[in-house]
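Look at the two complexes coming up: subunit A is in both, with subunit B in one and subunit C in the other.
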Partner chain A sequence: MKRLSTIAFVAALAAGPAYAQFSDGVVKIGVMNDMAGTYADLAGPGSVIAARMAVEDFGAEKKGMKVEIVSADHQNKPDVGSNVVRTWFDVDKVDVVVDVPTSSVALAVNEIAREKNKVFLISGAASSDLTGAKCSPNSVHWTYDTWSLANGTGNAIVKTGGDTWFFLTADYAFGHALERDTAAVVEKNGGKVVGRVRHPFPATDFSSFLLQAQASKAKIIGLANAGADTTNAIKQAAEFGVVAGGQNLAGLLVFLTDVHGLGLKTAQGLIFTEAWYWDMNDANRAFAKKFAAANKGIHPSMVHAGVYSSVIHYLKALEALKSDADGTKVVAQMKKMPTDDKLFGKGSIRQDGRKLHPMYLFEVKKPSESKYPWDYYKVRATIPADQAFRPMSEGKCPLVKG
Partner chain B sequence: MFELLGIPPQALFGQLLLGLINGSFYALLSLGLAVIFGMLNIINFAHGAQYMMGAFTAFFLLQFGIGYWPALIIAPIIVGITGIVIERLFLQRLYQLDHLYGLLLTFGLALIIQGLFRHQYGSSGLPYSMPAQLSGGHNLGFMFLPNYRGWVVVLSLIVCFGTWFVIEKTKLGAYLRAATENPTLVRAFGINVPRMITLTYGFGVGLAALAGVMAAPIYAVNPLMGADLIIVVFAVVVIGGMGSIMGAIVTGFGLGVIEGLTKVFFPEASNTVIFVIMAIVLLLRPAGLFGRAN
Partner chain C sequence: MAQITEQADIRPLNGFGLWSEQIAFMALVAFLIVAPTFIYPVLLMKALCFALFACAFNLLIGYVGLLSFGHALFFGWSAYACAHAAKVWGFPPELAILTGTATAAVLGLVAGSIAIRRQGIYFAMITLALAQMMFFFALQAPFTGGEDGIQAVPRGVLFGLFDLSDQMTIYVFVVVLFLACFLLIYRIIYSPFGEVLKAIRENEQRAISLGYKTDRYKLMAFVLSATLAGVAGSTKALVFQLASLTDVHWTMSGEVVLMTLLGGLGTVFGPAVGAFIIVAMQNYLAGFGQWVTIIQGAIFVVCVLLFRRGIVGVIAHALRIRL
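Up next, the complex of A and B:
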């Protein structure tokens, strides 16, 4: 009799809380990005909102999963970001780090997540090294990368005659990667890189660099930077008559919030590549409406959409695995399952950690074409998922065998 | 054609001119700081935030249909008034204390102001277009000079030397300088010293706002625009000699040129070169180039 009750007790324990296997019973999501600086609008507090929406839409509570979201500001500094993430993993029992724009910080977090066997879902960072030489069995690179931007924008421009390039490059990991990947695309298509200048990050005045770009006589001035650096450079290029002088600008990484800050009058005609735009279908529009209401009217960038989509897929993997303890196993499960959510549709994650989906070549509308607030882009071309990202064989990722 | 270190002379002229243009922003901002420090002994760390407020005020005025030209006058007045409120509420209580208290207070205020603007308007900035009269530019042969930048240099020179003239050469300036030396004595002559000090702070803040309005059409109007600049401007003031007005003006322009040249020869170092110069100057002349040692 006594033995029977013990068995019953053990059985009850095992069946009781369905997700007792989660470390300390809670799935803890840490959203880390630039909360106050130059990237705060394109990621920032909006990414926390996106993560929260993902947890709600996944229905974690109904499924008996307890999910908590914490957030932190890495100030775009790798040392600050590393400290936060180490504390998160060691003390606060955070299971997964999400977003992390600024490639130098993301590369640091990538190593810590690998060392501690946790999960790292990258949305904001761009460096294609994250699925190349530095790829990790604990990371998934979700939204975009420097290779896909270079491939989309570089190809389109070289093919329409922009075959000589001068780069204005932000002097850190991201800028270097973007410049390298774009230069490769330009040269592959028969174009030529005639010069480059590396500016400090962040910078305010670009006039001197623009003058050097003008002197180079390159047809295209490639802006291998992001955020306020890009908007400042575009604003000042207009002032210095760069376009009037026969040269064209290629914004290699432009976000919706940048276009908003520039105004259509200055930004019109700009061509660039992105992974997601809010006004492309009803599902996106519904998401954007709900998001903007919670985010002071600022509409979601592709980084926010990527945070949403990656968190949903992560939770699905946990549901299937019924455990969040082993980071490598969770990521392996994420790779095994096809991805499917309302923002990015159906897709998959490759062995090297690269999430695959189509990329889009956008053009900024003229002020006369814009009918309502945040109506900024029109689609120029769709790059299908199998062509949008670097072939796995060229990435030199050590995880890829054969 | 001869070349200097691999740079053709035309390009060099262009860069020198650009350096001068950037220098005019430094000069205008460091002028305000120098006036405030020289007259009030306050290290005004809120200067960058007040510069940002100038740019934002210009943007708000535009929403009411008030364009760039009136904004050049109205925005500094509005921001200057906020400065006067700050002086009356807080700063006037600190004159007897160490510089450090003023620095900490204004630094705190700067963080609060920036935080509020960021909370309300986000970090990616707001659009502000150039006045139609000043768009376009001239081809000088060695470079394309946008009209607006030319205007910035001219206006900055006028304001800088006007301020210098008022403080160093007029009766009003004489009162002001006397009041800093010995307020009790000046009061005995029937001059309202506290009011004069308050207005001086308002004026210094107004200068920052003016620089902000001038920056709005060419730099992104965002809550962090001042934070990025203020450290450089402080270095300029320290190199010029704390509180020296002529020092602030000359160093502002001079460092703009040096920074401009660095952007050609060694762009990666262009945001550190000013601090290297500051270290050297402080080693050789601790009071700064134009400062008087106490």
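Up next, the complex of A and C:
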């Protein structure tokens, strides 16, 4: 340990005296997600690009901070993910893990980051447990969560007459949380849940599940899954004539890349909630242009935007603290400072680790309405930051006192 | 199976093994003592768990000639039982591992008594089917946590003395446990019981005609193999503080076959060597993402085509020694 701090000291002298406290002289960011599977498009290599853009835009080099980015594929398996993160923390001296879609992996990383006192910035994962019962002083949940999606989409649909629901749920933490949160919103608004079926994750054949959904006669089939599971279910529902038969699909978690994969013809009219869309203002468009150029033309999803924004805020907190050694302190600093970046604007982080910003209810455009590539969404409603997320008192987070 | 697993010679027992085995064992112990200075201990512990798993598997395929394709059942379910005991019931690690091991033994007894009634491909298919049934159960049962697995399993304090949350303490514990089980397997293989197993492997009809109740011997070997796989699974759950679906998935059953074949079927050290190679590959080639499985497949094909005795088998054969 002593030798390590000597090296850190020497490296810090080279980098500039202001950052003498950075462990081993380098701020190491670990981007972990699904690089080749179901969630590769909505997070994947794009998140690494977003993190790199954040480091550049923050001007780390000019400020004398040395920032390195490493990345890994967790294959959506908690054991692979926890293995990688342990190695990162113990051997590679990674200071912060970002992104980590797939809630089961995120929950595992959440525990390890707490145990090793590092920082975990969650963008891709959705389970609202991460700021609820499982909340941690070392984690910030940035982009969205199951509660906010359920709240946005569930409210809007029940209020427009979709009052009987059948859930098609991915059988793991995220799916369960999404189903539970949406069902609560539906019932609160006077709707009824008539049935549910759980499919393995990831699944390719949804026929038996869709037949059950059809037989239920529910007005709305809620898709409590994500990524390729959602797109497969939507495509197969079209083949089964689910929508033609008078039932409607509600995608509870749909990303820009999913809509792109489905095509507007299949996806049109789909209503869902997201935190960010590239075509909403000039700053977003500029970011998207630069991002797409680096990412084979694929435009950024809200997960990518969340990675960018969370990394910027993390680096700002380090700048203020002049140290990255103590994960709890860094996160406390992040909570103390108001957030402000070009993609999410001004916001804040709550005591339970929940980042607050507005959420948006989007509807997918008809093919005739789309004017240029990736022109897919129109905004139906804006849910203000103070209503977009679960009130802290309902989360049962042990960090919140009183 | 006979031509793959033929032994160079089988000499009478002296209780300590042959000189070649003694040297190899010393080398193994020396390696395990020095290794944590330059290899990440968690990785070593993972390799040791898989090495034990492969050795347990080898007991069945290498010495009885039974190819079980459902060993993930014992590995994974012992992990769940151990994790559940440690986390929910608050058992200390030694009792948690015992719980996991006992679970595997019971499952081994049930699965074994069904499967040993058939030979060859039917035996493999029955074990696979049973493992898949229990996989589905693991996916759906509430206490396993589905896709989440059982997370944040406390490592606890061994015998109330050794705090296993310390990296080196748990490493020493895993090494000692591995070596103990390894020696136990060695003892089983070269006991009179083991000689009967080998007789069954070579010619079951003849063993029956000599008056051995082969079904009982096979069942006993199956239960022993399952139990030792259970030790490996339980230990892995404590090391990673996680029991997940990966451990009960059929690919895990396939992986252990690969490890054993690569290292050398029916050799004492082969499965451990195979496990270390596969775990190292998965770790150091992780940068290639899902290509790792393709590389593994290619190695498997090359291994089966070019050196069917496996790495240790080839070395032992070339040097005319027993390893």
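Assorted remarks:
By definition in this document, the second predicted complex is superposed on the first by the 386 of 402 C-alpha atoms of A that agree within 3 Å, B and C clash if a C-alpha of one lies under 4 Å from a C-alpha of the other, contacts with A are read in each partner's own complex, and residues count from 1 in each chain.
To be clear about the criterion, contacts are C-beta pairs under 8 Å (C-beta built on N, C-alpha and C of every residue); 3 or more make two chains touch, one makes a residue touch a chain.
Keep in mind the model is a prediction, meaning the values are calculated, not measured.
Partners subunit B and subunit C, once the complexes are superposed on subunit A, run into each other and clash. When subunit A is checked against subunit B and against subunit C, the one touching more of its residues turns out to be B.
Of the two partner chains placed by the overlay, subunit B and subunit C both lie in contact with A:D171. Within the superposed three-chain model, A:A381 lies out of touch with both subunit B and subunit C [touch as defined at top]. Of the two partner chains, subunit C is the only one touched by A:Q75; subunit B is not.
Judged by the touch definition given at the top, the superposed model places A:K265 against subunit B, while subunit C stays out of reach.
Once the two complexes are laid over each other on the shared chain, residue contacts for A:T38 go to subunit B alone; subunit C is not touched.
Look at A:S208: by the touch rule set out above, it reaches subunit B but stays clear of subunit C.
In the superposed model, A:P200 makes contact with both subunit B and subunit C. When the shared chain is aligned, subunit B comes close enough to touch A:G227, but subunit C does not. Of all the stretches 204-212, 258-266 or 276-284 given for subunit B, the clashing one with respect to subunit C is 276-284. In the superposition on chain A, the residues of subunit A touched by subunit B in one structure and by subunit C in the other are 36-37, 171, 200. Note for the complex: subunit A touches subunit C at residues 35-37, 72-73, 75, 77-80, 82-84, 86-87, 90-91, 103-104, 107-108, 111, 171-173, 176, 200-201.
Put simply, subunit B touches subunit A in their complex at residues 8, 11, 14-15, 18-19, 21-22, 115, 118, 120, 122-127, 129-130, 135-137, 143-144, 146, 148-149, 217-220, 222, 224-225, 228-229, 260, 263-264, 267-268, 270-271.
Partner subunit A is touched in their complex by these residues of subunit C: 40, 42-43, 46, 139-140, 145-149, 151-152, 167, 240-242, 244, 246-247, 283, 286, 289-290.
On the subunit A side of its complex with subunit B, the touching residues are 36-42, 44, 171, 197-200, 202-205, 207-209, 211-212, 214-215, 227-228, 231-232, 235-236, 239-241, 245, 255, 257-258, 260-263, 265-266, 296, 298.
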